[in-house]
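Consider the two complexes below, in which subunit A is the common component and subunit B and subunit C are the respective partners.
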Partner chain A sequence: MANKFDISIRAEQEYAVLETEGYLNDALGEQLSQKAQDLIEKGYTQLVINLANTALINSIGISILIEIIEALDEREGTLNFCGLSATQERTFRMMAIAKYAGIFPDEKTAVADFQ
Partner chain B sequence: MPTSSAEETIQRLIFSLSELEQLGQTLISGHSNFNVSSKTYLRITLGTLQVTRGAILCYHPTDNYLTVAASAPDIDSTPIDIEPEEVTSFLDCSHIEIDTPPEGLHSFINRNADLINGAAMHRLWVPLKIHDEFLGILGLGEFLGREKLEEWEQELLTILAHQISIAIAYSQIVEGIQSEKFRLFMLAESAPQICQLLQPEDAAEQVLHQAVALLDANMGCLMLVRPQQQILELLDAFPKSIISDNGENIQSISLKEIMGLPESEEKTALNMLGSVVEEGRTNRCSANLDDVFGGRNLMVGPIQGRDGDILGVLVVGDKEERGGRTLEFTEEDEMLLDSFAKQAGVAIENAHLHQEALEARELQSEMEEARKIQENLIPDTLPEIPGYEVAGYYEPRGPVGGDYFDCIELPHGGWGLSIADVSGKGMQAALLMATLRAGLLSEISSSRGREDSESIDMNDELINMAMTLNSLLYVSGTEEKYATFFYSHLNPETDILTSLNGGHNPPLIVRKDGNIQWLGQEIGGLPLGMFPNEMVPTIAEYQAEQITLESGDVVVYYTDGVTETVNVDDDFYDDDRLESDAISCANNDATSICDFIHKSVIDFQGDADQFDDLTLLVLRKK
Partner chain C sequence: MTNTLSKEQVLLTIPMLPDMELAAANLASFIAESMSFNDVQIEEIQYAMIESCINAFEHSRSSDQNVIIEYIMRSDELEFKITDQGVGFSPENRPVRQNGQQDLYPEMRKRGWGLEIIHALMDRVDIRSGENGTTISMVKKKTNGGS
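== the complex of A and B ==
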């Protein structure tokens, strides 16, 4: 059952931004995890995940986001989220994701946090 | 086979203790996700035991398969199916030598020969378990400098495998708690969120999306019961491709065809939908690919209104598991959908009530505007006609109905008296009335209505005018929009009254001697705007009628709001009462006649509610 989704990456020198589009479920989550893992393997320790175009996240999507936080934490890296809806932000705080990752309104402030 | 020296053994034991401590640190570090920590566990295990190849495979009990969590070197990560009896065989062993497996695992090893003999090259498998719960397999191969593990190494392996098992179990428990926490939060969060949505379409989309995410589904549909049409109508689908893929099959499903179907062993989507609508209980099935929605393992929940009526159904399907497999919904899922569907019912009902309130407010506002338009079209005063008295009365009652009357001095001589009742209510009726009045003014200001030449036949003039107005109203309105219309041309010099009836109530004439006549009763034509001009001659042509008025004669024009006024006993005021009242006051002036009939109608109605305007126009020859 096709669900339109996509991930775009903008890798800068010091950080990389992953932007998701569509339902963050297992399919999109696995892609996101793989792309984040690839960036971590390349030495990126500062990542931004922009969820502005992802209105829906299920429990598997959440577990994959936690996995990325842990993978970065192993390398003493930082993950910042941006573009969250009010509900998503409340969910992230309730799930303690906000304890281990930054939450910012937009990409600019999320990136500025690295400097 | 070389044996380790005592010193080497002690050094490795010290190293092992240090690595075991690291394992413990990994476990309590907060890295609960085994997908992340599994590589560390494998690295420590291989380093401690001096093994060059290995893998940790995690077992998924819901669908009986294993996935590779970590491996060295990397091996194919395609899920590996495992039969329940093979799980039992693993649980019966402390470890399995690949070359000499127990009977129960021959088939498993044969099925995975490519994996074992390929990149993995495993020699030894250790079941990962806690008590009788199978959690996975730790596979090892290529023992550095020796053919197999020494006895103390095997004991160390048992400890390491146990540590890994604890880590997997811990990770599963934490994931389970996180998942349940997420779902409960979503459930609590979604209620106020969806209940705030005021547009029915927005509410439907949010309800559907939340249900899909809440249940880890990959597809869903929201269908509403349309009791009048006896159908389940598709309101929204996720993803939208369901609609294009399944087309007419799901746009509208007949309730008659899905309700009361006999119970069958294999549930289909249709008999599930039927039973949910009938019984109001959530239902699920582990169907294969369903031909109605195109999803697997569907679950259907009833959306109920406050009074328990089934408003619709929520369908979810394709429940996913990490790794991309489709799962069956569980009893807990069923309870979750049930709870969510209850909230959805309130949300959808709220949105519909809000929509209805908005429409009512808009309608009221439109009615007020229409009323203003209509009242502006009714003349405040009527002109004085030499030798005649004329009086009119208009009372709006209930929704705007579109009554109209007028008395106009014609530019080429004579007077035009008109009364009309436009069908329908509200702005459309008011605009149609305005169109009729504008058309009428245009007609009587042109050559129509002239009688300054003997060559002009007034009957033809009025018929032509009626045809023009009919055409104008026909193109201005819809089939349901038309106007009953009565028009009289009065020549006060000759006292000739030429009249044309377009489907209106025939005016009443009370002659000076008390005789009664219904004007235009024999010449009733069609209401204006009901049919196109070309059809009019085939149904009922417009005709005109001429009478001569004498001193004391009274003509009472009225709309059906007069004769169809009802009293508390549901009796109509009717033509007979109008006739009787008109006779009893015919010797008075026109204004008094108007007032008398109006008062009589009001007295008749008493406390009964009225919904149609009351309009009177009285002409009396002095």
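== the complex of A and C ==
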């Protein structure tokens, strides 16, 4: 079954936004993790992951998001999520992700949190 | 791939292949929408269905490599029975995905969330497992508001 997915990156001076499109499973998760790691290695410690165009996430995809939180934590960085659906936010809170990463309604508020 | 058994029942068999859980979730979404479940409930059903299928894909060690999904429509609820013919497991001894990575924060562990997500998003969950396979039965009741 074809699962079309894509990741776009907007890197600003102080932060970068990764925007996913498609089903966040192990395949998209691994790509996202690699792109986040590349940004962290370039010195970015403030990242936003915008999930507005990702309608479905599985638990493997979420486990990869936790790895990104942990990688940023090692650099004393911050990861903020935005664009989550009701069920995504509920699941993230259940998995304690909201304790270690920010959850914001949209990209503007997620970025403003870094100021 | 889909056989309609009666007015109230649909049967789907999916192979244990990458992303096939989306076929099961999309059919669940279609049926729930036709029964006028609200958007939040439909999303919760999709997430629970995805996790049920992934659980079977990853842990059943089924020889036929198929998952059978029964969709049972009732006036006030929708039931899903997800069956594999694998080796079974004890719900108390939940299967945990092993990838060799340590968790930095134990409360935000990376593995073993599937069944908890299913329980959280559905109204009733029953797991029957034995040496001939596992059936996860999960029910979503229709409500006017969210879950």
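To be clear about the criterion, the second predicted complex is superposed on the first by the 114 of 115 C-alpha atoms of A that agree within 3 Å, B and C clash if a C-alpha of one lies under 4 Å from a C-alpha of the other, contacts with A are read in each partner's own complex, and residues count from 1 in each chain.
Rule of thumb we're sticking to: a contact is a pair of C-beta atoms (placed from the backbone, for glycine too) under 8 Å apart; a residue touches a chain by one contact, two chains touch by 3 or more.
Quantities reported herein were computed from a predicted structural model and do not represent experimental measurements.
S.K.: Touching A:Met94, do we find subunit B (first), subunit C (second), both, or neither?
M.R.: Both partners, subunit B and subunit C.
S.K.: When the two structures are overlaid on chain A, which partner does A:Ile103 contact: first (subunit B), second (subunit C), both, or neither?
M.R.: A:Ile103 contacts neither subunit B nor subunit C.
S.K.: Look at A:Ile60 in the shared chain and tell me whether it touches subunit B only, subunit C only, both, or neither; answer first, second, both or neither.
M.R.: both
S.K.: So, does A:Ile7 touch the first partner subunit B, the second partner subunit C, both, or neither?
M.R.: neither
S.K.: Output check: A:Ala27 vs subunit B and subunit C. Expected answer is one of first, second, both, neither. What do you get?
M.R.: After superposition on chain A, A:Ala27 lies in contact with both partners, subunit B and subunit C.
S.K.: Just checking: does A:Asp73 make contact with subunit B only, subunit C only, both, or neither of them? Give me first, second, both or neither.
M.R.: both
S.K.: Between subunit B and subunit C, which residues of subunit A are contacted by each of them?
M.R.: Common interface on subunit A, subunit B vs subunit C: 1-3, 23, 25, 27, 56-60, 62-63, 66-67, 70, 73, 87, 90-91, 94-95.
S.K.: Show which residues of subunit A lie in contact with subunit C when the two form their complex.
M.R.: 1-3, 23, 25, 27, 56-60, 62-63, 66-67, 69-70, 73, 85-87, 90-91, 94-97, 99-100
S.K.: For the complex, which residues does subunit A have touching subunit B?
M.R.: 1-4, 23, 25-27, 30, 55-60, 62-64, 66-67, 70-71, 73-74, 87, 90-91, 94-95
S.K.: Which residues of subunit C touch subunit A in the complex?
M.R.: Touching subunit A: residues 17-23, 25, 40, 43-44, 46-47, 50-51, 54, 97, 99, 101, 103-105, 107-108, 110-111, 113-114, 116-117, 120-121, 146 of subunit C.
S.K.: Could you list, by residue number, the parts of subunit B that touch subunit A in their complex?
M.R.: 30-33, 35-37, 175, 178-179, 181-183, 185-186, 189, 193, 209, 212-214, 216-219, 238-239, 241-242, 294-295, 318, 320-324
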